[in-house]
Structures are given as structure tokens and as C-alpha cells.
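Two complexes are shown next, each including chain A; its partner changes from chain B in the first to chain C in the second.
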Partner chain A sequence: MMLRKQIAIHALLILISVVMLTPIYWVVKTSVTGENLFSYPPTIIPRDPNLFYYVEAWYTVSFVRLFSNSLVIATLVVVVNLLLNAMAGYALTKQFRGKALVLSFLLMSMMIPFHATIIPAYLLTAKLGLLDSKLGIALPALSHIVCILLFKSNFEAVPSSLVQAARLDGLSEWQILTRIMMPLSKPAVATNIILSFIWSWNEFLWPLIVVRSPDQQTMPLGLVSFLASFEDTTGSLYAFCVLVVLPSMLVFLLAQKDFIRGLTSGATKG
Partner chain B sequence: MTRLFRLKRNRELAFVWALLIPALIIYLFYRVIPLLWNVVLSFSFWAPGKPLEFAGLYHYEEMVFFDDGFWIALKNTGVFMLATPVAISLALALALLVDQKIRGRNIYRTLIFLPYPMMVVAVGIVWRWLYNDSVGLINYGLRTFGIISEPIAFLESYRFAMISVMAAAIWQIVGFFMIIILTGLQNIPPHLHEAALIDGARAHHRFWRITLPLLRPSLFLCVILGVIASFTSFDLIYTMTGGGPGRETELLITYIYKASFTLSQFDYAAAMTVVMFALFLTLATIANRLSGGDAGKVDITD
Partner chain C sequence: MATVEFRNLVKRYGSVEVVHGINLSINDGEFLVLVGPSGCGKSTSLRMLAGLEDVTAGEILIGEAEVNEVEPRDRDIAMVFQDYALYPHMSVYDNMAFSLLYRKTPKAEIRERVMETAEILGLTPLLDRRPKQLSGGQRQRVAMGRAIVRKPQVFLFDEPLSNLDAKLRASMRLEIKKLHRSLGVTTVYVTHDQIEAMTLADRVVVMNGGNIDQIGSPEEVYHAPRTLFVAGFIGSPTMNLLPARSNGNSTLSVAGQTLNVASRFTPPDEDRDLVFGIRPEDITLSAEDASGSEIEGLIDVVEALGPDTLVFVNVGEQHLIARVNPDIHPVTGQPVRLNFNIEKSHLFDARSGEALS
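Here is the complex of A and B:
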């Protein structure tokens, strides 16, 4: 490719990246300086950054409780998702009567956005006595159909000779799933972990409906009630935002290679 | 021998169902049953603690003939949906750029995708403050470049509130669309382009005749995801405008939330949910047809 064209593309992409990163830069900058909350015009480069607002956010809200609530729920969601989705995905690689029915049931359920079910889901959770509990928050997210289909297509890519050999060696079906299939489907496992973690961590509407007591609040609920009681003119709000966003960003960045490979290998063929 | 065989078959069948059932139960209880329950509620008078009574079309008549709020929310949801074609066009351009053989393209991909995994509640709070009229960065930028002379309170203005929220939504989702389209681009067999090159086809011909038609499934997957987003963008509205000013940014989902969980009109809200779901299904089906029947096709063939 011609050098001029190369440079033009880089220039364009750098410009776009700057635009995309500006909001992120701005919130990080404000969280370490508290500048431009009251003063105008704002400064572009932070002057003497410090962690004051982080400390303030830490002490203003019961940060540890919010964080541990979110983390417990997300961990539950991720573990159960891996288990249920891998199991269902493996079952769907087999031939059995009713398979077409199960597949169409899953595809139909996939077309029902969770937001279209909130009222009965709330009433149902109330009937189960799980309102205002971590299990109640986690329950609807314990399995994701996209991830089942992802596991299915990854498992199908495992050479059948390998499975035959394992069977001859006397491995049970369950052992084939856990010792052969799972280790050979790392991208699907990674994608599963990332998606279910991020979805659980970021979920707002459902906890908003289900949670009553401050004890059970998750991070986004804490963030919103913080905004409601302190308005948006304190640096600690933005420090709080950074802390809230950090875990899902880290999870994504750590596993993004596998994640993008996983997504491209199965879920969105087209 | 046949009995032994059948025994083995049955054991296998039991095993398969044992693997499937836990996941199926989740979907039964948190997708399918709620959907049907919504339909039942929508034809009933019901409030917590009261018996269910048949109401016929009462709620639907109320919605269509007497509730301005519903129509406003419906219209706004339609407007919000217009963010999707904008986001897709941008994502297509970005995908073509980061598909070029240049150094560091993975870094650009990551940077552009970065907003997607962020918590929407935090995104809403940050953007709300970027739009702030006295100290917000956006007003500062526009004033510095002389585009406006007086600061604008974007989120409190009837003219700009909706478009401002849409811009934030586009910022967050464009990287995700880019990755989907990029996947589609990489699935186009390179020999098609090579053959076209040999035949002397120009770049824009190759784009319109090869790239775009073959990208159709990926593009329509983005359309469907965009439609879903416009029916589910609760968090962004809740944190940025709360539906205001007036009802300028009230979407169906925020209106349903208010009707059910603020006003306890569960039966009426259920009727609106049924309408919302029917609309979503119609749009998704149309998009799927237009894409040639395999928008975001998930490979389920055996």
C-alpha cells in the first residue's frame, strides 16, 4: 500500500480513537482532580492529580458492600452459566428425539427480550420469595442462549476421532464433556465468562425492580442513589463511575483475543 | 441384545435431557411463562392482592384512545431507533478502515470497542455531565470553535434532548457493530476481490457489488440488535434525562416501568408490554426477511 494512503488512514483512525476516548479521559481526569466541576473554561491537562475523590467516594458510600454484592452475584452468574450452557451445548451436539423441538424452543426464547418480561418476572420472583435477595437478582441471568449455541458450535468442531478414542478409553460422557470438550473450547469458555460477567455486572433495571433494602444494592444501584443524593457536582461521583466501570473493562481487556475469536467463530455466523 | 441396546439408548436419552433441563427451566420460567402471563394480565383487571377479573380489550382501548403518554413514548421509541442506521453506517466505515493492512490495527479495534463493555448507568452519568451547559466539555468545544455563542443545556432542551441521548447511545454501541461487520468482512472469500481486480473493477464497484451484498447478514444482525436496543434502552434514559424534558425522551420501556413500578398499574403496563413485544417481533421479522432470511444466522443445522 502506498505510504501516503497509510498515513491518511492512520491519521483518520487516530482522530476517531481520540473522539472515542475523550469521554473516558474526561471522567478519569475529573476523578483525580475535581477540576472543571465548577470552573470554566476547563483545562485539558490535569494539574496535580490526587486520589482525594476516590477516598471520599470510598467513605461516602458503603463501597465494600456494594462491590461484594455485585461480585457475589456476578460470580454466581458466571459459574452457573458455564455449567448450564456447556451442558446444554453438549447435549445439543447429540442426535435425539425432540432435538428440533428444543432448538426451536431456544430460538423462540432468544427472541424474547428480558425487558418484555419484567412484570411477570417480578411477580414470579415475589411468589418464590426471592425479592430483595442475591439469588433473585441472579436467577434470570443464570443461562444465556447465545452462549449455549456458542458452546454447541465449538464442541462440534472438536474432531470426532478424539471423542471416539476417549470413549474407547472408557471415559464417561460427563468426563468427555469436562476433560475433552471444555479444554478444547477455550474461546467459547472465555466468551461465556466475559459476556455473563459483563451482563451481570452492568445490569440495572432488574436489580432496580427486585432490590428493596440498601443491604442488597449492587454497584449500579449504589451509583444511581449516590447521584440522587449528591447531585453531579462532586468529583467523587466520577471517581465512583471509574471504580464501577473498571472491573468489566479489565475482564474484557484480559480476555479480548479469545472473546473476539469466540464471537466470530460461532455465535454470529453470517 | 436388542434389549441391551435399548437400555443403552434410554440411558443416553436420559443423560441428554438431564443436561438440557436446567437451562430449559430458566427459559421457561423467565422468558416463556412471563410472556404468556403478560398476555393474560393485559386482558384482565388485576392489582397485587386482588383477584383477577376479565377486562376484555379495556386496557388496549385505554392505550390507543385515551393515553397520550403511550403515543408519545411510541413515537420517541421510533425516533430513537433512527440511531441504528447512523451507528451502522459509522460502524461500516470503521470496519473498512480497521480491516486495512496497517500496523496497530488491533489497537484501534480495541480502542473503538472499549465503550461497549462499560456500565450504561455510568455512561449515562458521564455523558450527562459532558452535556452540562455551564461546565460541560461539549459546550466548551462548540464555543471554542465558534459553532455556538451561548451555551446550550442539551438535555433540558426540547430540541436537543433526544438527539443528545442518541449520540451517547451511538458512541457506546458503534464499536460492537464494527466488530460484527468486521467478522462479516473477513468471511468474504478473498478470491472474489482478486477476480474483480483482474477484471479491472474499480474500488467503489467492488464495494457496491461484492462487499455490501455479502455483508447483508452482518448488517441486518446490527439492525436487529439496534431495534432491540431501542426497546430496551432503559438505563441511559433513566440516568440522562429521566424521560424529560416533559416527555421528550420517554421511551416505551421507561413508560412501562413507570406505569408498573411507580404507579402499580401492572395490568395496563402488561398490555403495553404486549404491544411493545409485538412491534419488536414485527420489525425483527421484517429485518430478517430483508436480509434474505439469515440475519445473524446462528448455525443450528446438524
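Here is the complex of A and C:
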């Protein structure tokens, strides 16, 4: 009975995995063969795989520039996010007048979709003179409320006696945050890094609005201009797609263990 | 080392006052224990001394200096917490060295002090371990080590042994006592465990409802409790406390029987509610009335503890406990005469709770 149940569960899981992984596999397969979706007969195992299309994608667009732009912006976003979110999260573990108001304000802000604030955000960025700059692209992503709340709940799980001991040991609030709270909240740090990196890396709409010159284009923008400029490039297009997705996948895989703990922390006691 | 003084110390949370203007003066090198039930304000007072709680009113002095507005780290105190508060992401060595690191102590000196303290506490083989790889007793020792390396003016202990099992608690108690003797640092120790209070303290401060009920040596608070609360709190099993009335002729009416107390005290003449107190070990079981200091009862339960036997006796509606020689074998349900050692009995005013003897 148990065995049957196990088999059924595994069969279901395999089916779901196949459904999830097939498109990814298809993209990778096409990127090394160049066969488009309508080639006949369809094959599952790639025939004569090679890296030609990667080389083609690399040279047809200025890949290094797109990649370095995206990387600089994502790094900036990750670092500033960690800093601001941890500081805000730590502040929210304290008792102060108006704390409930601040919390509900943060929660309410989460309900507003970014697209609804895109015009004021644009005007603000323009006023700051940051249009068509890396800082301008990064600006709206420099803090994520979800991550603030994540830090808050992780910090609250740190026993208060540790904070008090640190205070007696002579640490300032900043040192308590960086030397005690952050090292003890690795899941929150990992989650913050992954989420802010992926969100920044994949962001399309905001860079599209802010960026004017090709010099400042990010990977997703590069993908669109690639699509618009070249015809009959199935293989290179898919190769380019793989290169766009690869870094965020890598970041996710590196921090995955702590990431899952971060998302489930607070769900159970201890 | 330093003296510590509380002057009219008050702590209020909103409209709730939890410490009501206490005065306390702690001598240089003294081991002082604050004891009392949960919520009596002992931990709050300690935390105010540490600087972890603001002082609502009054003054705290360490040495000659008022420290009300001084940051915890600048008070030159070290605290051992109930849950040890060890940094889980650091080794034992780093835990102990951590505070010195932030006090700009030279690396070589940090090493020397940590090694020296680890040697005293038997932690040398554990210095590379993380706290979660240690047993409860070892963690407790690391917590103490962390306090000792600082060489502070005052040690604060906040119920440090309450997470340990009974056997370990007894041995740690001994270690703390020895440590205090060798270091001689002024120590303030908070506990709700009266055995810790009695065994460790130079002086015991019994707190009740945000007030200090009595300050004295362990012997004083045990043998001469100043209030009903102290009498009921210190000692295990606790003192027998029986409602009493004065008969006006050096006798008391206790549990419907007459007790001659002339040798110990003269009960007040006026008719008011009194409480007669007697410790279990000051009661003996006897066969016949010899001195007029006896009352009759019925044995309810007998508990043989080994070194002595506890006998629970019902006297009318009152229940008494006697601690007797284990060679005596009282029988449950039998009538018995309780002989009180009147010289060691106590009399309290029932309304004010203050001792009259």
C-alpha cells in the first residue's frame, strides 16, 4: 500500500518535472542545433550539437556590453538592497511610536503594482537627471518591501538576550546588525540576494522606458533588439536566451539551500 | 571592583509600576542575591543596573558615579544570561574574545586573558567548538568565561542555572561560589531558587511585588524573617503559618487549641488577627503533653526523604508539615501530638504581615 502510494507520488512528481523542464530543455536543445519548432521529423535528442549559435549570438550583438551593464546594475541592486532592507528590517524589530503605521504603509505599498507608479517614477528619475544611466535603471529596485519584512521576521527570531549581550559587549547598533543579526539570518540574506538579483536581471519594462542609448541597454533589452534586427536566427536567438537566463539560474543554484530556508522561516517554531 | 547603590529606584511600564522605589547598597566584593517569585521586580532591577532598561526614577551608582544615563557598554559590568546568550556563529574562543575585541584590547592580551580564563573554567579543550556542540553545563561555563575575561567591576547573573538539571545546578553553584571567592568581584545574582540564594549569598535581598521585604544574611532571612512573605518564601518545605489569636495571658489560640508561648514572646493584648509560624524542623512528634507547647493532629501523609522524613499533619482545618528523624516511623491516619520548639517560633501581624517577635 505504502509502495503504491510512493509510486503514485513519484509518477506525479516526474510528470510535473517533465512539464516544467521541457521548455527549458527545448530552448537549450535548439540553441545547440538551430532546428526550429517545425522541423520534421521532430527529435528529442539533439542531432549534431555544436556551439556555433553561441558564437554567432556573441558576435552579432555586443554581448559583453549588455552583460556587463546588467551585471553592474544587478550587483548595485543586490548590495544596496541588502544594506537598506537589513537596516529597515532591524529598525522594525524595535518598538517605536508609529511602528504599526509604518508597517501598514509598507504593506499597502506592496499592493500597488509598479506599473501604476511608473509615470511618477519616470518623472522623478528624470528630475534627478538619472535617465539613461545605470543608477536610474537600478533606482526603483534598490529596496524591496518583501525583503524588508523577511529580514524583520528573521531578526525577530534572534533571541533578545543575544542583542543585549552584544550591547553589553560594547557593540553599536550598526555592529549588532552586521556582526550578530546578519550572520544569524543567512537564509534571509540569501533570499534577498537571489530575489533582488533575479528581479533586477529580468527587469524589462523599466529599463525600456529609461534607457535611450544602446550603451546602457541591459540583457532583456538586448534580446528584444536582437529579435527586431535579425531574421532567421532561431539558433542564435535561443542561444542568446540561454545566456540571458544562465546567470540568474546560477545565482539561484548557489544560494538555493538558504533560500528555501528563508522562505519557510517563521513557518514552524524553532 | 566597586560598590553598587540603588537610590529610590523606580521602574514603570506605561502606568504599571513594577519596582517601587527600592534602596539598596551593595558592598565592594560582596555576593548579593536578589530572590523572589516571578514578577517581583528582581530581574527588572538587575536589567536597570545593566543598562538594558531605562530607569524611570531614582538613581543607580556604580562606585561613586551615577550611571543612569551611561550606556551599558560603558558601565564596566558583565552579565551572564539565563539562556547563556552565546553567539551561535562563533567558536568558544571568539565568544570569549568578542567583547575585548571591541574594547581595543591588544590581540596578544586578548589571547592571554581568554586562555587564562579557559584554564580556570576547564574550557581549554573546547575553545574551537561552536556553542551548539557543547552541553548545557559547558555553555554555562562559556557564558561565565565571557564575563570573566572582561575583568569587570560588577558581575550580574540573571537566573544563570535555571536551564540546567538538578545535579549540574548543584555543581555549577559550587563553581560560582569558588569563582567569586578567587576573583572577589562584586556580584549581583538574581534567582527564584531559594537554595541558590541561601548557598551563594553573602546577603540575600528578598523582593516581593516590586518592594524589598528584607535584606540580610542567609541565616537572618531564614531564622528571623521580617515579614510573612519572607517566612513563607524562604525554606523548603516552607514555614508552617497558622492563623492565631492572643488570649491575653501569654497564650495563643492556634487551630482551636491553646499554646503557651511565654518563653518566646508576649503576644499583644488587643484582639487582632495574628499568624503563628514554625519551621517544619522545629516540630517534633511526641506521645504526651509536657510543656503546653503542643497541639494535637491527625497524620495525613508521610514522605520518607532518606536523611529525614516529612510528616503532613491535619490540625482541624489547618495543615502542618513536620520534619522528623527518619528513625521515627509515623503511621498515616494515626493521631499525633506536635511539640513546637517555641524558642524558634515566629509571630506575625496578619494584616500588615510584619513580624512581632
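The rule we apply is simple: the second predicted complex is superposed on the first by the 258 of 270 C-alpha atoms of A that agree within 3 Å, B and C clash if a C-alpha of one lies under 4 Å from a C-alpha of the other, contacts with A are read in each partner's own complex, and residues count from 1 in each chain.
As a convention for this text, contacts are C-beta pairs under 8 Å (C-beta built on N, C-alpha and C of every residue); 3 or more make two chains touch, one makes a residue touch a chain.
Owing to the predicted nature of the structure, the values given are computational and were not obtained by experimental measurement.
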| item | value |
| --- | --- |
| First (chain B), second (chain C), both or neither touched by A:R167 | second |
| Winner by number of chain A residues touched, once chain B and chain C are compared | B |
| Which of chain B and chain C A:F252 touches, first, second, both or neither | first |
| Which superposed partner A:T43 touches (first chain B, second chain C, both, neither) | neither |
| Partner chain in contact with A:S68 - chain B first, chain C second, else both or neither | neither |
| Chain B versus chain C as contact partner of A:F204, first or second or both or neither | first |
| Chain B versus chain C as contact partner of A:P140, first or second or both or neither | first |
| Intersection of chain A interface sets (partners chain B, chain C) | none |
| Chain A-touching residues of chain B, taken from the complex the two chains share | 12-13, 15-17, 19-20, 22-24, 26-27, 29-35, 37-38, 41, 94, 97-98, 100-102, 108, 110-115, 117-123, 125-130, 132, 134-135, 137, 140, 144, 171, 175, 179-180, 183-184, 186-187, 217-218, 221, 228, 231-232, 234-235, 238-239, 253, 256-257, 260-261, 266, 269-270, 273, 276-277, 280-281, 284, 294-300, 302 |
| Touching residues (chain side chain C, partner chain A) in the complex | 50-52, 72-73, 77-79, 81-83, 85, 87-89, 98-99, 102-103, 146 |
| Chain C-facing residues of chain A, complex | 159, 161-162, 164-171, 175, 180, 183-184 |
| Residue ranges of chain A touching chain B (in the complex, touch as defined) | 1, 6, 9-10, 12-13, 16-17, 20-24, 26-27, 36-42, 84-85, 87-88, 90-92, 94-97, 99, 102-103, 105-109, 111-124, 139-140, 142-143, 145-146, 148-149, 152-153, 173, 194, 198, 201-202, 204-205, 209, 219-220, 223-224, 227, 232, 237-238, 241, 244-245, 248-249, 251-253, 256, 260, 263-264, 266-270 |
